[in-house]
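Chain nomenclature is as follows: A, B, C and D, assigned in order of appearance, with residue numbering initiated at 1 for each chain independently.
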Amino acid sequence: MHRQHAPSHRFAVRVYYEDTDAAGVVYYANYLKFCERARTEWLRALGFEQQKLREERALVFVVRTVEAEYLKSGVLDDALTVESSIAEIGRSKLVFAQTVMRGSERLFDCRVGVVCVDWNKRKPASVPPDIRALMAAHPDTHTESHR
Amino acid sequence: MHRQHAPSHRFAVRVYYEDTDAAGVVYYANYLKFCERARTEWLRALGFEQQKLREERALVFVVRTVEAEYLKSGVLDDALTVESSIAEIGRSKLVFAQTVMRGSERLFDCRVGVVCVDWNKRKPASVPPDIRALMAAHPDTHTESHR
Amino acid sequence: MHRQHAPSHRFAVRVYYEDTDAAGVVYYANYLKFCERARTEWLRALGFEQQKLREERALVFVVRTVEAEYLKSGVLDDALTVESSIAEIGRSKLVFAQTVMRGSERLFDCRVGVVCVDWNKRKPASVPPDIRALMAAHPDTHTESHR
Amino acid sequence: MHRQHAPSHRFAVRVYYEDTDAAGVVYYANYLKFCERARTEWLRALGFEQQKLREERALVFVVRTVEAEYLKSGVLDDALTVESSIAEIGRSKLVFAQTVMRGSERLFDCRVGVVCVDWNKRKPASVPPDIRALMAAHPDTHTESHR
């Protein structure tokens, strides 16, 4: 799952008690929360708010697939960074490649497949051209399949 | 906050990793999740599902106040019981008295004030007479104020 | 990711408000909570508690990989079932195949790779023979690789 | 529960899907997460990390009481601010007054009683003089009882 390019987006996450569990580390499902925050902030940085996308364009991004690898454990008080890139862009599907770093240590790697859904019809919709153009503009974006 | 009467409803909760934190105990906000599950199951036991209440009668129960006391810490694998009673019933407001027990040990005590809200008008609504009647039927329900 | 056999373990999960999000469905990370509860309950049903495994044998099960597919959305008040099987057993690694069902509808499919770790040395340890024997006893367990 | 003074500490919180529920608003227990993050960041801003306090001084802050009032609902994408002050300082107990604001709107008010605990003896310990001095230095800190 290693990525060669610079990430397109970086997002800082601090580890609080709520994120940890009795094994003393970040609970495994919570890395998905960190990654979702990062995707949301990336969209926001590009000018899109999910609440507005739903209200104004009836569009929702829905997760369809996750492939994740847990490499090292995050702990309380860690200052983490979520690095995000687009690995694939299809008509209605985006695949994000995301990594949670602690400094130069790689803690967590994932690929998250997200589908753009028409909120009223509950069916897949095309990724809006403006979002697609902005995300594709990032240098490490590649549209070919990843395997 | 001690309650004299037998609880009106008992609900079993198991403590999983997701509920604990790096201090090795149940994270403080999660007792509110346990209590919400118990209130929901009590309503369900009386014949009411929250999803249906919203869809069919446009009614939602919204928490307005919480007073909570943390007495002992729950830990991983604990088998807990949430004991629930009604402390007060007003026109649109219910106050639940809830306790989280581990066997005979009292871990957590709370009073949760819940208001019945008209989902369309976003305004307080009367607690439906059928719910009120069922809850008031419980022997330890008292309608006088608790302070 | 389809599984042919009867699951080795079934675990009931109810969907509460805490599990849902503003899109009206179960939040995507929470299916991993449901699956972790099911793995824990399966271990418990076989006679093992995670807290005791850590205290008495210094063993912890740590998630290393997750592959997940979101097929349909769970909603508030859903009565779900997590079906769990062992897909692979290695020396120190177990791969669980887990599915979240709503009646006969398949909502969520995952494979979760778990490594048995020596809590003191923080290194992989062999899956204890007693746990291995009990899990392997289940009819649908297969030890060959799944791809 | 209204506070007259300027808060001693402000902390920004963004509302993500993980924080919301199927009623379309921030789930009630999650305000306690926001407030715990804010207390942690305040301590950190004063030079204290909870992980280090536990490792180096065997001190943990444990919540004993919560009194909370839900005034308005936060929704997805909200940019919130947690305002925190010290309402009381006792020998081993601190009471925080915390408010979650959305711009000038007050969403949530709470008082959180926290006890300083000796992690080894599992008994209350004095609030370290250096922490006490720093917190008491804030202009709105008052040591008299709040009722």
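In this text, contacts are C-beta pairs under 8 Å (C-beta built on N, C-alpha and C of every residue); 3 or more make two chains touch, one makes a residue touch a chain.
Just so it is clear, the structure is predicted and the values come from calculations on it, not from any experiment.
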item	value
Most widely separated chain from subunit D, with each centre as the mean of CA atoms	C
Contact-richer chain pair [A-C vs A-B]	A-C
Cα-centroid distance, subunit B relative to subunit C, in whole angstrom	30
Chain centre separation (subunit A, subunit C; CA means) in Å	24
Rounded Å distance between subunit A and subunit B, as computed from the means of their C-alpha atoms	35
Junction residues of subunit B, two or more chains touched	17-18, 22-23, 29, 33, 36, 51, 75-76
Subunit D residues within the subunit A interface of the complex	14, 16-18, 33, 36-37, 40-41, 44, 49-52, 75-77
Residue numbers on subunit A that touch subunit B, as the complex places them	17-18, 20-25, 27, 29, 75-76
Residue ranges of subunit A touching subunit C (in the complex, touch as defined)	22-23, 28-30, 32-33, 36, 51, 54, 60, 62-70, 73
